[in-house]
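Look for chain A in each of the two complexes below; its partner is chain B in the first and chain C in the second.
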Partner chain A sequence: MKGMQLWFARNSGALFALALFITMFAVYVVKNGVGLRIGLVTAVANKGVLLALVAMGQTLPILTSGLDLSIGMIFVLTNCIASAILSGPPWLVAAGSVAVLLGGVLCGAINGTLVVYGRLQPIIATLATGAVYHGLALIIRPVPGGSIDPTLARAWTSQIFGVIPTTLVILLAVVLLIWVPFQLSTTGRGCYAIGSSESAAYMTGIAVRRSRFAAYMFAGLLAAIGGLLLTAMTLSGDASATSGGIYTLSSIAAVVIGGTSLMGGVGGAVGSIFGAFVLRAIGDLLFVFDIQPLVQPFIQGLILLVAVSLGAIRVLRTPNRLDFLGVGR
Partner chain B sequence: MAQPNLSVPFWRMHGISKHYGGVRALENVELTVERGRIHAVLGENGAGKSTLIKIMSGVVRPDSGTMEIEGRPVQFASPADAMRSGVVSIFQELSLVPDLTVAENICAPEPPRRFGLINRRAERRLAEALLSRVHCEDVHPDELVCNLPLSRRQMIEIARALGRSPKLLILDEATSALTATDVERVYAILDRLRTEGLAIVYISHRMREITAFADDCSVFRNGRRVESFPKGSKSGDAIVKLMIGRDYKDVYPVKTVRTPAEAPILEVENLNWGARLAGIDLVVRKGEIVGLGGLDGQGQRELLLALFGVLRGVDAKIKVHGKLKRINSPRDAKHRSVGMALIPEDRKTEGLVVPLSVRDNISLAAVGRFARGGFIRTLAETQAVKDVFRTLSIYAAGIDVAVRTLSGGNQQKVVIAKWLLTDADLFLLNDPTRGIDVGTKQEIYKLLRKLTDLGKGVLLYSTDYAELIGCCDRVVMLYEGRIVRELGENALTEQNILTAAFNVPENQVTVGEAAR
Partner chain C sequence: MTRILNVVDRPVVIAFCFVVVLLILGGMYNQQFLSALYLLQQLRVASFLGIIASGAMVVILLGHIDLSIPWVVTIGGITATAVAGWWGAQWTALGVPLAVACGALVGLANGLGVAFLRIPSMVFTLGMNAVVQGMVVMYTGGNAPPDQATPILQWLAVRDTLSVPHAVIVWALVGVLVIVALNRTPFGRYVYAMGNTERVTYLSGISTRRILIIAFVVSGTCSAFAGAMLAGYAGKAYQAMGDPYLLPAIAAVVLGGTSILGGRGNYLGTVAGVILITLLESILSVMQISDSARQIIYGTMIIVMMLVYGRDRRVEG
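== the complex of A and B ==
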């Protein structure tokens, strides 16, 4: 059927990432030799979900052919805020969680304002705000620590009905309650249109500025959900610049592996989730194959290079050399 | 909604002017469009038609003047604004988003929604309905627009415009890429819309379309509306005269007649590139200006890029000064053994590095000439730059000001200066005078003649037919990527160019009938 064919063509990137992850996970389970235990699945899920959330957030600016270099720092900052305010009776923890999410939204809105109304280049704007967000995190939490209610934290990082990892349920909820509605809104549609051809989008009457602003704002929100979950997992906050930087870069890699074009206009956040799990699975595989820890970063880098190179193959088929210099776009 | 006031025309504009930098695009233009009539806007390339359409549809704002819909003054801040007032445009440069599906494009920017979210099923149904209205049932609504051929995209543009329930529909060369059957369908649709009381503005180079169904005509020339008249009150010949309206004999330098023919600089045999260029044979001799003509987008730009090594997968036998050459990049093309220079179409992105100074831009392509042991000898560089700066009389505060600050005409001179320094033998020019004032145009024509007098060759693509006639020794006409005719000496007339541009068989033509 024609409709199915077109659907497959459109989602080939995400499907490729999913297939890659399933293969890697299968190898991991077999090689590990302990079988498909719930504890193992939960551990894999918990590790992947944090990056998956940040990568989902990164997807939105990239779809508009932008980039958010501050997203890892928003993740770290919201982690620190959460570690400072998530304590006390349940209603206070709930209110604190909402405050943490609003903090992420605010960070994203600042990025959006600078890019859309300040007309700064996304890379520069978010590089600067990223430093600011890290600075704020340091002020809030000069040394790692915090006092989180461990019962709540345990509930978030274990299983529902003793089988399904809670973090996966949270991830699914984020997809269904945030990503799907966003993609089906005129604003989300606008993000795709801007990334594909900003001038055509403008001529079509699409709300270019609102869409781009929303992309950065939702990126902040998704990073904050990640930050909240990180707090529940570690029971503390840590204003680590290294961790923020790694999350930013890994999120970009995950987005690319998940089939979203860095040129914008093509892809989606679901692919980025698979991309994030693929990235995490690389580490696990190296572990079960007994690769020396000191060699692991090197091999991880090589695998990443191969994965992102696959995305460049389409450029080789471009008939006009000017097109891949970005002149034609 | 209030009853439309039928006593005033639907659209009226007064005293509209628009300048780009120092160049006048529109001057004090009046235009009235009535309900239930098709108003044709005619004019040469650069007459101001596109600017007019852009102002009417909210893409650019006029410097001065007023616009009224049904007697009420309006101002458009954006295309979306114009759409809300019922002014819907179909642009020559397609405004479809390439990575969205057909349905998503047709329904943008206001797709059908349920509970605030886009209803994909309704969106697809709406798209299917509109596609069948333009008889494009073969296009799947989930197909990405970038996978469709140009002719289908143009039909999708039309379907989308219909879906926006326009009151004033503007078509800017909307049938240029369509097949004959599709054009007939568009005629039928427009005819029906007219009887439904829509106001329609129609821009086309096809004279037959205009004589066939326009009710009113307005002729534009050099940014002014020259005359408006109802259909049938003027012959095709009279309309063409209004469009041309000037004597260009004095604008162009005298052509040098060379007998016998000089040795060829460039010989191209059977050049093919995908489906866009087919079987091109071409010779450019010493001291010759060869023109590339035809409607915009028939492969002229691609041919220049192919020769200059920009395109991949070009299949051709190319000889330079009688020797077979392989040219795989602009670097190969400008190499001393080939000696080509390309003055590109878009000087801001392909011709210049605008933040850099005039000096840096001029010496950029020839910088190797001034280097010894890898270092640039600034003294020699400065001297050479100053010389060419003076020869071309570039109007700038000096060679160290940023190119960004120069006017369009002077920027174009900088591009030419840059390639003059490379000592090229063959100059490829891609519409070099587009958007440039008349004075600078004239200087460029003189310069081209001067180059050929020095024994160089020039291959000139121009969208301005008068320029081709005035400047070139021979003009090669392209149609759908093929050379359809070569016009030289006495055959080089506006009429022959127009008929060849539309690829009409030679002996069937009168101007009024110049058709597909």
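== the complex of A and C ==
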């Protein structure tokens, strides 16, 4: 019983986001009036999974009380790399996919190196590497385009056995094969420890550097998986600064809605997935409710503001004002 | 000499050294880079970023961040030009005050959210940015308000007196105000104190909420004012005109030696950072380096400079 309570307390943020998404999705399905068609579910899943992957990646640096402002650009860069090399016979496409993922890992490792060994503030270091990654993406793809093998792409973006959207299966695989083992490992636990108190983690003998480095590296990997899927969905690469910026900022919002604290140490990547789906559902809801197109961005902004505020609000639960004033450095 | 070095922070000196190095490199490429005309033009361009960075710096000194800068700049530009359409041409003089008021209002909302709801500023201002964007789209989408720069805006942004650009004079005035506020008023002392430890500042009996709110109002005001001037410089106000200014503003403040964690920083450093970034962008574009290589050089330069003087201390318990 006690364990149950603890579990609820620890995951309240993620559960809140899940409940919010289920409600929004139910309203969307009912209002849409076509029923729970598989095509509809696949469309919703495909839109949400991209942001979900980027948001999962963003969760890791945030857990260490850092931030990755380059994650949207890693997503865009890997999309451009994939659009350039994903063609030819199956084994070449497979090798290409691995290369794309390695590209993401490399970007993340560069961020990690600068933050851990360069001792730069994460915000400013990833701000700068984001510009570099955007430049690289522009070199690979000066204009949008690409030739991707459509058969594989179709397989990735349709359904397995005609019922389950493949992207959801991929997302589940990422959670089970990357996130869960990482969270349970010493390195993953270290990320939480750093976020709670870096000096205490250091004194306890936790490998602070390795954990933090791993957080940025895995962030790059997850963004690259997203970039790969994006390529499969759009069948092209686009070195768009706007798209990178939007994904970076939305990923932060998704992480917060999913119950992860920006101060670090609290939360998890599963909550961020729900947060990402909530963000995506806002747009769909405005569509089915026939809101005037000109008013839509305003209402979308307002809902975003309320959603992140609800996700981040701590005052209501704090009996003493001193509790949320930091203890300082 | 040592006295001067004591007064001015080390990062400020290094940042200005980087400016000189950039100028020498530029001058070696082309003599024109050292002409007074070119330098004054660069200062004019820098002044818009400088005004935005002034507000951003006050917020960063608190250890917070203002991500609503892009659309506050835009709403400032659009309000300043749209006034003529609301009440007729004789009221255009009200454009700038109204734009500034808009910015202050958004800043107030940011400050209230951060101070009373205790929502992290990064998240709340991000949401505010989306809301302001929605408001601008809602307003400008249905009808097309006048977006041409009024004579006053042009006077502020592109005219000179004795070949000194007015924009530079305006930036200097804003800068003096910020320096006085930060170094010679209780408000400034409290800002530095809160950036170091908010808890101790609060326990000292200082209204930390008021300081937070004022800081965000300052940031909103600066952004909207810069937006109005940018509309004058570009000849018109347009959607998303503030988007290219958020990251350079933060980079300029940080390159100038202000800690992103708050509590440490000097306005002279921000001036150096703003000039540094403006010169870097200008020299790269004059050299006709492709956009892709420009991005890479820009990012690498920031990393190199931060590695030289922006490193954190080692964690030692």
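The working rule: the second predicted complex is superposed on the first by the 312 of 329 C-alpha atoms of A that agree within 3 Å, B and C clash if a C-alpha of one lies under 4 Å from a C-alpha of the other, contacts with A are read in each partner's own complex, and residues count from 1 in each chain.
As a convention for this text, a residue touches a chain if its C-beta (ideal position, glycine included) is under 8 Å from a C-beta of that chain, and two chains touch if they have at least 3 such contacts.
These figures come from a predicted structure and were not determined experimentally.
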Which superposed partner A:T129 touches (first chain B, second chain C, both, neither): second
Chain B versus chain C as contact partner of A:A223, first or second or both or neither: neither
Contacts of A:S185 with chain B and chain C, given as first, second, both or neither: first
First, second, both or neither for A:L77, with chain B first and chain C second: neither
First (chain B), second (chain C), both or neither touched by A:L6: first
Which of chain B and chain C A:Y202 touches, first, second, both or neither: both
Greater chain A contact set [chain C / chain B]: C
Partner chain in contact with A:V116 - chain B first, chain C second, else both or neither: neither
Contacts of A:L235 with chain B and chain C, given as first, second, both or neither: neither
Partner chain in contact with A:V266 - chain B first, chain C second, else both or neither: first
Those residues of chain A which chain B touches in one complex and chain C touches in the other: 199, 202-203, 318, 321-322, 327
Contact footprint of chain A on chain B as seen in their complex: 59, 78-80, 83, 91, 94-101, 104-105, 108-111, 113, 116-118, 120, 140, 142-144, 273-274, 305, 310-313, 329, 349-350
Footprint of chain A on chain C - complex, ascending: 65, 67, 113, 116-120, 122-124, 126-135, 137-138, 141-142, 196-200, 202-203, 208, 243, 247, 250-251, 254, 259-261, 290-300, 302-303, 306-307, 310-317
Chain B-touching residues of chain A, taken from the complex the two chains share: 2-3, 6-7, 9-10, 181, 184-186, 189-190, 192-193, 195-197, 199-207, 265-266, 318-322, 327
Touch list for chain A against partner chain C, complex: 67, 114, 118-121, 123-125, 127-132, 134-139, 142, 198-199, 202-203, 208, 245, 249, 252-253, 256, 262-263, 293-302, 304-306, 308-309, 311-315, 318, 321-322, 324-329
